[in-house]
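Across the two complexes that follow, chain A remains constant while its partner is chain B and subsequently chain C.
And now, the complex of A and B:
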């Protein structure tokens, strides 16, 4: 095992980890505020990727520029989904809400299958194959941009939650729902906003990965499963923890691929997942909601 | 004559009178059933097979049907598996009830494994289509036949074709790396490539199973690069195969060639059209037709005219399966399932469009001469470069760009 391989693993792991972190931040936010595990998160990402694809293919909109469209559009779509589907079932048993988001994911995926068939589509702007060497490690420019964009977006989310009134209301609702309601926060609206922000985050992540990935109806699953692991690792509902553990999972995955034979890289990640659940159920980064 | 005797003779008379009518009606059509995943995630591929079946059936019917059965026409009865085992079984049973002479299908090896028990119990010939798992013909079954290469033939003959080509290009292959998806398909291919290493005299320096859902292969491919292979063999589906080729290209992987093994992408015309630069000079060992055959050219033209798209290997396989059945029906002179089964076992069909010698089945029902073609993408098109006697173009090997 040479140092070059390890360096490559660290670089690739960190680059992908940023994207995991952003996907997971949105998921974590939704969990923190609405107390539901949103299985449809990956499907929303998939829809955002298709949006990016169509904007690029039909209107020649650069995938990074299209974030200005997909971000707000999916914020609104998220609010609509929350109002129409999630909110009416707010008092349903937890497992029913789980089935609800799972059902929503299946509906969206199959809708995509009907509308756009199972074809794998790709968005390849001119810079898609740009890369450079960092020592002996390959750095792909689109992956670097995706990671950078994800971190910027996650920091913006963090600032939004810390500094704005709506953000503070979201955190208040995450930490103490009844208290928040007593303080006169419009909790119904905040719940919709939180779902919207979470969906907007994952939509941005979707747009960021499109230049180096492919678009297909089940593409969201690749990121969604990892995002669950990341959320648990970071502490359910902990947004900063989600970003940090995104990097940890990315690293674990690529180091696992380098150091272990075969497809054991997934095993490393999921072993980490089970260990954290067993020994640190509040998450690696220190638990707590609304942090 | 009492009443009972009258009824008996009248019945017999009526029976006799009706007999020629019935046998004439039977001679008019031979029912063939297919079970395919015509709805669900594999619907598109299933349609490609279905087109091939229909093309062959119409061709035969327009040319006068099955001659030894008085010009009986072939009729296709349809069944949808949705790629599910339970539906495969129930649809097969339904079609058998409706009096089919043979069953064709069903794409998925998993579905095939279960359906073959239904066909065996009902003594119905079962022509496998697209199902590649080796074990489908195991277990001493009498009614299962497979015209296409199975997993083992696919893997070993593709490696063999590569080696012969490399030898001819005086660039011998010593070190092979393999990446395959970690499901049944990829693992089977990986096992054969590993087992075949001793026979062909290469060492398998890396074997990396991977998850289809993995969003990054940089670490895996860096490992491959560090092991300095001459050849990188990839058994995978669409998105993963694309990501691997793209990352390998960026890493300047430094191999003589990237070779797909029954790869779902590397000889897929749509994939090639969408990724012109990336796919240039990729190899793939896969089902194909014989480009040298004049009959293949005619069949492709007919397909193009009827379906306004290029015939694919799914269509080719389906088309030939119907012709294998038709030839057996001619020999059997009967639509009876057992007689058809015995006639199928005696198949020796030289007039076909596949890159192989005559189609013949061994005791287990495998086509003894089944061969994958070795393809290379040249100028945006997959062309046959091996085995040499079927080749339509000279292979580019070693491929300079992978050393770039």
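And now, the complex of A and C:
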């Protein structure tokens, strides 16, 4: 094992970690406000990736430019899903709400399979293979842009939550649902907005990764599981924790891939997941709501 | 009383009718029984103890791989391999359960950790040459050998899985009226209150876990013998975990017959949709998802819950 390889692993891991951080921030937001673990989060990302793919293939829209469409479109789609499927079951048992998002994931993923079959599709704009050397490590430009874009988007989310009235209402609801209701916050609307914002975030992440990833009906699954790991590690409902632990998980996965043979890298991530769930369910950073 | 007559009639039909069924229907009936069986096994932990496992594929896979590997390497009959797989799965279940329960994982956190355990086993199986890695294992020589759990036609397999499903239902029924069963219900409804009333929740949940994982593993061996081929995704993949819980939730989690009722509704539905839309992969699972959403929205206690409510009204 040479130092170069390790350096490369660190760079790739950190770059993908930023994206994990954004995916997980959306998931964390939804958990914080709605108290549900959204199994359909990855499926929403997958749909956004297909949207990016079709915009690029049919209309020649640049993947990054398409964010202007996918972001708002999936914000609205998320609100609709929340209103139609989740809100009516707001008082259902916790495990039934979990099943509900599992059902949603099955529907969305297999809808994509029915519509577009299981083929791997790719979006390759002219800059897809652009890269440069950082010391001994190769940095692929699309991955760098994805990471940068994800961090910017996550920071924008934090700003939105801190500075706007709606954002403050979302945080109030996450912290003290009854208090928020008593203060006259339109709880129903805020729950829909939170689901919409979470979906918008994961859609942006989807658009950001398409130039260097593939698009397929089950592409969201691995991101979804990764986001679970990140969210638990960062502390459920803790947004800063989500972004930070996104980098930790990206790094762990990438180092695992370099040090372990075959696809055993996933083992590192799952092991990390189980350990954190068992020993630090409130998250490494703390402040999350464990158990 | 009427219920018992209906039940015996149903069992009678299930025993007598299949020899006269065309092969296609027999295959569907075998699927119904297998999924109903897996649902019943999941139901013990998920439905009665209220611990929603998302990782029962772990036990299914352990069962399938243990009996198959013992047969391929030592020539041990899968009938015994089945028990070995069951015991191994129960041990793994106790290990995973002890860790999860000991550290107080509840609700969705338990679901996530079980999912992670199953996925870890899948990754290990994919990367282990000795168990065939991602290519999986084939059981060769399909000539009839009942002592080695290999039959000439499909009919004997049907009777095996029918017996297993009926046994699982009988066990569930016994469980429902046992101390363990009552303790599990108390834990499901309110674990803290159950603890305060003197229920050993850790011990009770572990017993449910051991029983549920043992039974699930036997289903894994049946699958391996029936299809004569297993691989990591088929046996350890999330789809298996979802199958079990789906039958139970649609039919009615925490009821004896729920999982089998669920299987009788879901399996033919998926077969019909596949036949109607040939060549379109995914339609059947999409329908599963849709049914899951509809059942939770409109029949939160499943079909059995609905039947019970109507009977009471």
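Everything that follows uses one rule, which is that the second predicted complex is superposed on the first by the 285 of 291 C-alpha atoms of A that agree within 3 Å, B and C clash if a C-alpha of one lies under 4 Å from a C-alpha of the other, contacts with A are read in each partner's own complex, and residues count from 1 in each chain.
We adopt the following convention: a residue touches a chain if its C-beta (ideal position, glycine included) is under 8 Å from a C-beta of that chain, and two chains touch if they have at least 3 such contacts.
On a predicted model such as this, the values are computed, not experimentally measured, just so you know.
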> Following superposition onto chain A, is the placement of chain B relative to chain C best described as a clash or a fit?
Replying inline: clash
> First (chain B), second (chain C), both or neither: which does A:258 touch?
Replying inline: first
>> A:4 in the overlay: touching chain B, chain C, both, or neither? Say first, second, both or neither.
In response: first
>> I'd like to know which partner A:118 touches here: chain B for first, chain C for second, both or neither.
In response: both
>> Per the contact definition in the header, classify A:85: touching chain B only (first), chain C only (second), both, or neither.
In response: second
>> Contact-wise, after the overlay, does A:225 reach chain B, chain C, both or neither (first, second, both, neither)?
In response: both
> When the two structures are overlaid on chain A, which partner does A:241 contact: first (chain B), second (chain C), both, or neither?
Replying inline: neither
> Is A:213 in contact with chain B, with chain C, with both, or with neither (first, second, both, neither)?
Replying inline: first
>> Looking at A:129 after the superposition, I want to know if it touches chain B, chain C, both of them or none. Which is it: first, second, both, neither?
In response: first
> If both complexes are laid over each other on chain A, which piece of chain C (128-136, 164-172, 182-190 or 290-298) hits chain B?
Replying inline: 128-136
> Same chain A residues contacting chain B and chain C, which ones?
Replying inline: 113, 117-118, 221, 225, 261-263, 266
> What residues of chain A sit close enough to touch chain B in their complex?
Replying inline: 2, 4-5, 8-9, 11-13, 15-16, 19, 113, 117-122, 129, 131, 138, 140, 143, 209, 213-214, 216, 219, 221-223, 225, 253-255, 257-258, 261-263, 265-266
>> Quick check: in the complex, which residue numbers of chain B touch chain A?
In response: 41, 44, 182, 207-211, 213-216, 218-220, 222-223, 226, 238-239, 242-243, 246, 249-251, 270-271, 274-275
> If you look only at chain C, which of its residues touch chain A in the complex?
Replying inline: 50, 52, 99-100, 103-109, 111-113, 115-117, 119-120, 123-124, 126-127, 238, 242, 245, 249, 277, 280-283, 285-286, 288-293, 296-297, 300
> Hey, which residues of chain A end up touching chain C in the complex?
Replying inline: 36-37, 85, 88-89, 92-96, 98-100, 102-114, 117-118, 217, 221, 225, 228, 232, 261-264, 266-267, 270-271, 273-274, 277-279, 281, 290-291
